[in-house]
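Shared between the two complexes below is chain A, which has chain B as its partner in the first and chain C in the second.
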Partner chain A sequence: MVGEKFIRVLHIDLTAGDIRTEEREDLMPYLGGAGVAAKLLQENFHPGLAPTSPKQPIVFAIGAGTFIFPVLTKVVATFLSPLTGEYGESHAAGRLGMAMLMAGYDAIVITGRSRKPCYLAITDRDVNIREANSIWGLLSEETGRIIRDRENAGGRASGRRSIIRIGPAGENGVAFASVNVDTYRHFGRLGLGAAMGSKHLKGMSVFGERPLPIANPRQYFKVYREIYHKCVFSAGMRKYHDLGTPVNVKSLNKLGAIPTLNLKAGRFEHADDISGEAFAEKNLVRKMACAGCPVGCIHIGMYRHEFDKGQEYEAINVTYDYELIFALGSFLGIRSTDEILAIIQDVEEFGVDAMSVGVCLGWATEALERGIITREQTLTDLRFGHAAGYIKALGYLTRGTNEFYRDLGRGSRFVAEKYGGEDYAMQLGGNEMTGYHTGYAATVGQAVGARHSHLCNAGYSLDQGMKSFDEDKVVDDLFREECDRCMATSLVMCLFARRIYDDQTMLDALGAVGWDLTPEDLVTIGKRIYQTKLQIKRALGFDPRQVRIPKRFFETPTIHGVLDEGTTYRMIGKFADKADALLEEDLS
Partner chain B sequence: MLDHTRKEASCQAEGAGSVRELIGFLGDRYGGAFAAFLLDDETCLFLINGAATATLGGLDAPLRPGDEIDVLPFVDGG
Partner chain C sequence: MPYIINPKGMNKCLGCLTCVTVCAAVNQESHSVAKSAIRIRTTGGMTGSIVAVVCRGCQAPACKEACPAGALLPRPGGGVTLDADLCYGCRKCVPACSVGAVNFDRETQKPIICCHCGICTTFCTHGCIMMTEVREESGHGG
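Coming up: the complex of A and B.
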């Protein structure tokens, strides 16, 4: 807690209806965010039970500097992933970090299963478990509107309250169901939505008006201004406001690293038509920012939707980012911005992870092409470039219309193991691939990363920056970045600002709010957090040496040419050796 | 990037034998701030005839007459 020497944890048991708080001095060595969330998961999880067992916990944690400094906006959620069966971690911002801070909770641990659908209403004054029978089954947007109307604190909450919620996919147990945060942000990856759905938990509203004590205001404002200046005026950050992450489309296409047609290729002939520039010209209507961020990277696009043939149109606003454009665009051969926005709209409303669902549909399209599955199973024509079929399939998948879609809803690894086509089911460690087929570092990094995300260790960034290839150096760099990012995400920063918050900036920021840390402490904290995650992963049976990478990754060229299978697995082994060594270290 | 180049999206460079020399040429043409911007390790990427310099020797990658160089923003996510 800012200005205190403890972490304040709210525990909610949905089975018993028990609610209690703890003030934990012993969690301070984990700082906040990813550190505290991982530690609380470790204390509360049950390795022998399914990820959706009522006893399994869901943890939300803000960081040591959340909302206090620019771009430290995010909340870390940890859970057992219904998709991979192992460690689940997902980050989101919106207003949730600010709201948890103002409500007075550093972390929230949710266990148990409510007998009937419910949502949580959390404020700085009280915590309530509300009935949600009437909103169970509703789409994400309408659910948000109803909770917003109900939890308005007499009108004081407007603009300061955060509302997270799941859609039908989370209720129906789709393993990669997402959680919508304040309409335009998400806990997207690894199936937090299914974990919430398994608890009959439809959503959560958080609001508070607590004062925030700053220990050293003079130092605080000095550090704040310096960071703010870097955020607003550096070229590296400005691109996020200008075109946003879709600026990556043209660059990755030029590099031959944008996954296209289920990664049959790394270049998309229609890339210019779905580029950041194309969205800006045709669809962009406004930009927004998460609470506490001066950058404003959230890009909202508008498209026209015809209710039915010959009927009226409505204008629909949806947010778009690079990851969605790759997964629902180039990966599926979709060549128009309007069609991509239309698919995103359903992804939002049903509540599924855009990357996982795009990659799963890519596998299904190729499996249908090859005759591994049939039109009778897919119920619609799945063809690269045809948006209408994918929109229908999204509905079938969310509802679990038949056995095939229920299987597809368990992820590409599961469905390929059952039906075949594992060589082109584009997952790494059970999590569907991300939009960067850049080289060894990206592929190895996602395969071994704690949450199997490109953001664990930024392998795609290493691939771009390296001047020559040295596999030992790449493994060392990946491992160090994984540890460093554990530290960074305990603050919790949006990783766009990774380069702004160098070690000295982190120390200055923490020092201004009462932390007395050294550069060595930052390294130790990062290693301690990563060690905790590795302990959880090991308890859940994850062994990086057992990871099997689909052949397609070794067929489609990257920036560094076609990847060699032996080199890739050797690098994974070396990374695993380093992880084993870290597990033996005494970091208490 | 176009702010530095007064909105010029392409130009001809003569006599540059490497990417580093090309950056020197661009610095002379558009100003030292642009050269510094291009030299930042994690701001820009260079492609020589479509191939990333990461595979060609980095900033010392050799250039020949007629080569086409793309300067792209470094790809990040968050």
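Coming up: the complex of A and C.
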């Protein structure tokens, strides 16, 4: 709790309807965010039970500086991943971090399963489990609107509350179902939506008006002002506002690193047509920011949808980013911005992770081409470049229309193990690949990373900045970055701002709100958090040495050429050795 | 000449809430958005337009007229200042303001009144809110 020496945890048991709070001094060594969320998951999880068992916990945690300093905007969710079966961690911002801070909860732990569909209404005054029978089955946007109308605190909540919710995919147990946060942000990866759905939990509204006095106003505002200016006047941050992350479409295509046509290639002949520049010219209508971020990277695109014949149109606004353009664009051969936005719209409304669903559909398209699966199973023509088929398939997948789509909804690793085509089911550690076929660091990094995300250790960035390849140095750099990012995400930093918050800036910010820490402490905290995640992964049976990487990763050239299989597995082994050593360290 | 806050560029607003944060920090020594004299909200969900709810610096403020304690005093340039010693927390100023800009502080049981210090405009990255110079005799009504 800001200004206090404890972490305030709200526990909600949906089976019993019990609600209680704890003030935990012993969680302070984990700082907040990823640290506290991982530790609370470790305390509450059940390794022998399925990720969707009612007993499994879902944890949300804000960080030591969430909303108090610029770009510390995020909330970390931890859970057991219905997709990978092991450690689940996903980050989102919107207004959720601010709302949790204002409601007075550093962390929320949800266990049990409600007998009937429900949503949670959390404020600084009370916590209620509300019935949600009438909204179960509704799409994401309408769900948000209904909860917003019901939980408005007499109008005081407007602009100060956060509403998260799942779509039909989460209700139906799609293993990579997402959670929509305040319409334009998401807990996307690893299936938090399915974890919520398994608890009959449709959504959560958070609002509060706590007074939160500043202990040392002069020192605080001095540090705040310095960080604010770094954010606003940094060229590195500016690009996130201007074209946004889609600026990467052209640059990664030029490097030959944008996964295309199920990673048959690293360049897309229509890349210019789906570039950040193309979206800005044709579709961009608005930019927005998460609460506490003066940068504003959220890009909203509009497309015109003909919902009926006879000049019957509606304007639809959806958010777009590089990752969505890769997964639902180049990866599927979709060559127009309007078609990508139309696919994103359904991804949003049904509530699935854009990257996982795009990569799964890429596998299905190629599997159909090769005759491993049939048109009778896919129910529609899945062909690269044909958006209409993918839009139909999204509906079948979300509803689990037949056995094939129910299998596809368990992820590319599962479906390829059952039907074949494992060599081109583009997952790493069970999580579908991200938009960077850049080299060894990206591939190894996602395979071994705690949450099998490109954001665990930023291998994609390492590959792009590397002058010459040194396998041991890459492993060392990945490992150090993984630890450093555990520290950064305990604040909780938006990782776009990684370079704004150097060690001294983190110490200044933490110092201004009462933490007396040294540079060595930052290293230890990062290692302590990563060690906790590794303990969870080990308890769940994850062994990096058992990871098997699809052959296509070794066939399609990266910016460092074609990857050597032996080198890749050797690097994974070296990383695993370092992880084993960290597990033995005494960091208490 | 005195100045008042003018949110005339809200079409450019990102909804970052920096103005809210700095207002509460500087004027109330608080991290709380509930302590800010400026509020940023939408016209209905995140897909709605973003608007600023802030004192418009009325020359004849309805909040002042509604105050039975005489705790709201005219401010040069428009708006009011609060004499906290006179205020006894009746809340009549809150509904009196037609733009809803009087925020009531649950903790102190007093209204939070915008002093038009302009710190919010200093930290507005997009020129959504700015300071406007006013001639007292030509200010807008209340």
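Criterion: the second predicted complex is superposed on the first by the 587 of 588 C-alpha atoms of A that agree within 3 Å, B and C clash if a C-alpha of one lies under 4 Å from a C-alpha of the other, contacts with A are read in each partner's own complex, and residues count from 1 in each chain.
Heads up, the rule we're going with is that contacts are C-beta pairs under 8 Å (C-beta built on N, C-alpha and C of every residue); 3 or more make two chains touch, one makes a residue touch a chain.
As the structure is a computational prediction, the values presented were derived from the model and not from experiment.
Residue contacts after overlaying the shared chain place A:325 against neither chain B nor chain C. Once the two complexes are laid over each other on the shared chain, residue contacts for A:291 go to chain C alone; chain B is not touched. Look at A:224: by the touch rule set out above, it reaches chain C but stays clear of chain B. By the touch criterion defined above, A:536 reaches neither chain B nor chain C.
Using the contact criterion defined above for the overlaid structures, shared-chain residue A:252 touches chain B, although it does not reach chain C. When the two complexes are overlaid on their common chain A, residue A:41 makes contact with neither chain B nor chain C. Of the two partner chains, neither chain B nor chain C is touched by A:433. In the superposition on chain A, A:210 makes contact with chain C only, not with chain B. Taken together, the chain A residues at the contact with chain C in this complex read 2, 67-68, 70, 94, 98, 101-102, 141, 144-145, 148, 158-160, 182-184, 208-214, 217, 220-221, 224, 228, 232, 287-296, 298, 317. Those residues of chain B whose C-beta lies close enough to touch chain A in the complex are 1, 37, 40-43, 45, 47, 50, 52-55, 57-59, 70, 72-78.
Every residue of chain C that touches chain A in the complex is listed here, in rising order: 14-18, 21-22, 25-26, 29-35, 39-42, 44-47, 106-107, 123, 125-126.
Those residues of chain A that touch chain B in the complex are listed here as 235-236, 239-240, 245, 247-248, 250-252, 254-257, 297, 322-323, 434-436, 438, 454-455, 460-461, 463-469, 494-499, 559-561.
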